[in-house]
Amino acid sequence: MLHVVSLIHDQFEDLELWYPVLRLREAGASVLLAGEKAGVEYHGKYGVPAHADISFDEIDPDSIDALLVPGGWAPDKLRRFPKVLDAVRAMFRQEKVVGQICHAGWVLVSAGVLNGYRVTSTPGIRDDMTNAGAIWLDEPVVVDRNLVSSRRPPDLPDYLKALVKLLQEKTVR
Amino acid sequence: MLHVVSLIHDQFEDLELWYPVLRLREAGASVLLAGEKAGVEYHGKYGVPAHADISFDEIDPDSIDALLVPGGWAPDKLRRFPKVLDAVRAMFRQEKVVGQICHAGWVLVSAGVLNGYRVTSTPGIRDDMTNAGAIWLDEPVVVDRNLVSSRRPPDLPDYLKALVKLLQEKTVR
Amino acid sequence: MLHVVSLIHDQFEDLELWYPVLRLREAGASVLLAGEKAGVEYHGKYGVPAHADISFDEIDPDSIDALLVPGGWAPDKLRRFPKVLDAVRAMFRQEKVVGQICHAGWVLVSAGVLNGYRVTSTPGIRDDMTNAGAIWLDEPVVVDRNLVSSRRPPDLPDYLKALVKLLQEKTVR
Amino acid sequence: MLHVVSLIHDQFEDLELWYPVLRLREAGASVLLAGEKAGVEYHGKYGVPAHADISFDEIDPDSIDALLVPGGWAPDKLRRFPKVLDAVRAMFRQEKVVGQICHAGWVLVSAGVLNGYRVTSTPGIRDDMTNAGAIWLDEPVVVDRNLVSSRRPPDLPDYLKALVKLLQEKTVR
Amino acid sequence: MLHVVSLIHDQFEDLELWYPVLRLREAGASVLLAGEKAGVEYHGKYGVPAHADISFDEIDPDSIDALLVPGGWAPDKLRRFPKVLDAVRAMFRQEKVVGQICHAGWVLVSAGVLNGYRVTSTPGIRDDMTNAGAIWLDEPVVVDRNLVSSRRPPDLPDYLKALVKLLQEKTVR
Amino acid sequence: MLHVVSLIHDQFEDLELWYPVLRLREAGASVLLAGEKAGVEYHGKYGVPAHADISFDEIDPDSIDALLVPGGWAPDKLRRFPKVLDAVRAMFRQEKVVGQICHAGWVLVSAGVLNGYRVTSTPGIRDDMTNAGAIWLDEPVVVDRNLVSSRRPPDLPDYLKALVKLLQEKTVR
């Protein structure tokens, strides 16, 4: 069974958090939500709730297969936690799957892992992505090595199709 | 390509509308949202928006493969539209896939199509379902002939796995 | 002095709860609000607050003269409490006054007391009422034996006139 | 048939507007809501809506039996309309019934009609009432000649009992 | 260094509280917020938060140079606290600077300090001000002895220019 | 008279927009708000309203003395308008005063003007600022040539003291 962690904080984009989480559960994965504090209920931009199953401290990159970063304004907070940035860097070091959509790229910018990576995101943060060394493309989904990027909610079907495919390839290998 | 229509009205349960819609798009289906008036933006219980692509009048049961009914308080309104009930009845007559979750069952109750069907729903409307002749089960997802039923948001992965499977079986036949 | 209890839960229809409660107090009755937990503040659909004086467990059908069920979405929750359904059944067994308006009928459906009763309600739940054996009429207020039914907020004056009259008749006898 | 007008503006206290309006309708009166603009929907402090049947200009003190002023923050706006103050003064000149509750007294202060009247109100505006010449009492309801005053929502039963009684006396005479 | 206290309660007008507070801090003053309870977070009409640094009990008129009263609906609550009224009266007795804007005048009305003072305010409370003995003027800012009055948010620049000037004059003397 | 323009878009930080605008008006400047569309009312994160006096197209860097960028989520939108970025670049080319606070730095990042500038901002966007070539300092206010930067609302007094001072120096010269 695949083990996946999705980061959360208040003001996540409601569908960008929940569609990937539910979709990977449908694919048979165990998906946990990691927040600043375990057991706390966070709320999306529209108000959809989400409980943190574990805290950032409990994320163990060695034992998970993928790390997801939702969009919304949550990434503006997530990027400020050293534990979050450590987890992102560890995933990249181990070449494990990372998924990010919309404004999630800010977290990867602060983790310093984007140099030379082909990515996409909301156009709003394109400059922050390219200033961090990424090659930015305006496509529904971009896959480069372990990183799957997407732009916005209507791209969620493309985003998850690519995420599921990459996870299957990684697992088989 | 599969053609699917999901009904919408204000106060739909945000994830119960959007997860199935996005998931079937990911599976390659064309999914349209049908509301009282085409072009209008409806809002979920938490406020997630959704535009109606077509009006109830434009639902053509002969040319679609599945009809979805979301939960939330929207079903309390949806069941009042004769066009909605006609569409549900036509789908059942043609033995085409119908998906319903949580409070969506009220729409099927008013369409008068549940007699003898095994179903599930939020426990809140169990009595309305059984009074309409349905056999109610407390399971994450129940499939009986053309009807796929589910209980609530955490059951969405099971609900869609069953919906996708049933749609594939129907299509192959 | 008459003793009346009104059921409450979050998302009651604000006027459908408060108009009957204040009106019967004006008529000299003692009216208590019964909620899942005594002392808790519940809020109507618009946000008007209401404190629960007693819990469902403390409702004593033997010592009260009338039981009121408000509309809104509260009935969808109220119908799930066995204590609530027990209280409704006891009132009917003792032929004591029960008042219900708008969506309140769901509680009576689940209590299984409507068979053969002439009622009204919001048109939205008419099918649930008739499936439960009731005879549904589209009138501002319907009185059948111990049961007073009404449709929606603008019918409140008719609803209370009938409720007050029935309570006076019952008391005199 | 009695003819009554209640003033409205945004941020009326929801129950202080609606309880008297519905209650006098129950008593057989025709009750119209008068706002800055006819046909506009105003909202209470909690959000309960109310449509203005007529505009302030259309209030005809000669043909109505009572004028009601609700509480909330609406009186802070109502007192700024000369037409509103004219209507209040005309009612007093003709010794016709005026009802006011909570913060409604501000409107009567600005109409300059309180000198020598015994009144009550929310304690918050007591000083404004006494500065306007009124004699302020801390009682659920105070009746002085044509004026009925009350303090706050829990006093609504007392307020309406007194209002209904005064209207009946005035009508019989 | 100048010491200033601004009163707060829920539903203060957001800019009418914060502009003077921040502006006097910019001018080098120490500005504390005094609420019903120290440490509590209050919210403006729009929702901007403000923490109470001290309670009303801790206001020491002998050791401060100015007392500010914000507008919004907060004054309707502030005027009910004897400690607030005592503080206002002490400031007037000591001829120390008091600033008030919009609906803040209600607090001064209840403190009984306005007799013979030239003031301004939102037109909504003009009658309450004149009934309390004040001479009301329709100007952006009015200075009379120790009292600086203003009408509404767009007048904030004029209000603070006058407040800063008066404080400087008082300090030099 | 000094002429200043402040950019606005929905979800500006309420005080970070209004304190500088009102403060510079107090200092005698003419301050206009420039939005995507003139005449539109925008709302801050808490809901404080602000009307756009002019559109982005109408900003004339040649005839203004300073350009202000508020924080909040508005900068995430503002940075997407070429007209906004053009205005920022023109101000830097002409060495005219630019003020930015909190998240406003994103606009300057996208304008490409920060290389070699000493700045501050909310720590949340520090990495975006340094990736754009800025030298980031954790101080209440940082002035470097024509650029005044600040961190967050409590720094507003320091921010404006520096802004006013720089504007005076520029004007005198």
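Just so it is clear, A, B, C, D, E and F label the chains in written order, and each chain counts residues from 1 on its own.
Everything that follows uses one rule, which is that a residue touches a chain if its C-beta (ideal position, glycine included) is under 8 Å from a C-beta of that chain, and two chains touch if they have at least 3 such contacts.
Which protein is which chain? UniProt says A, B, C, D, E, F = Intracellular protease, PfpI family.
Note that the structure is predicted; figures quoted are calculated from it, not measured.
Chemist: Comparing each of D-E, A-F or A-B with E-F, which pair has over half of its contact pairs in common by residue number?
Modeler: Answer for the repeat of E-F: A-B.
Chemist: Could you find the chain whose CA centre sits the greatest distance from that of chain C?
Modeler: F
Chemist: Between chain C and chain D, what is the gap in Å from one C-alpha centre to the other?
Modeler: So the centre of chain C lies 30 Å away from the centre of chain D.
Chemist: Which whole number of Å gives the spacing of the CA centres of chain B and chain D?
Modeler: Here the centre of chain D sits 49 Å away from the centre of chain B.
Chemist: By the touch rule stated above, which residues of chain D touch at least two different other chains?
Modeler: Chain D, residues with two or more chain partners: not present.
Chemist: Just say which it is for the chain contacts: an open line, a closed ring, a star, complete, or other.
Modeler: It is a ring, because the chains touch in a row that closes back on itself.
Chemist: Starting at chain D, then chain E, how do the chains run round the ring?
Modeler: One full turn from chain D through chain E gives D, E, F, A, B, C.
Chemist: For the complex, give me every residue of chain E touching chain D.
Modeler: Checking each residue of chain E against chain D gives 73, 76-77, 79-80, 103, 106, 109-110, 123-125, 127-128, 131-132.
Chemist: For a test of understanding, state which residues of chain B touch chain A in their complex under the given definition.
Modeler: Residues 14-15, 18-19, 22-23, 25-26, 44, 46-48, 156-158, 160-161 of chain B touch chain A in their complex.
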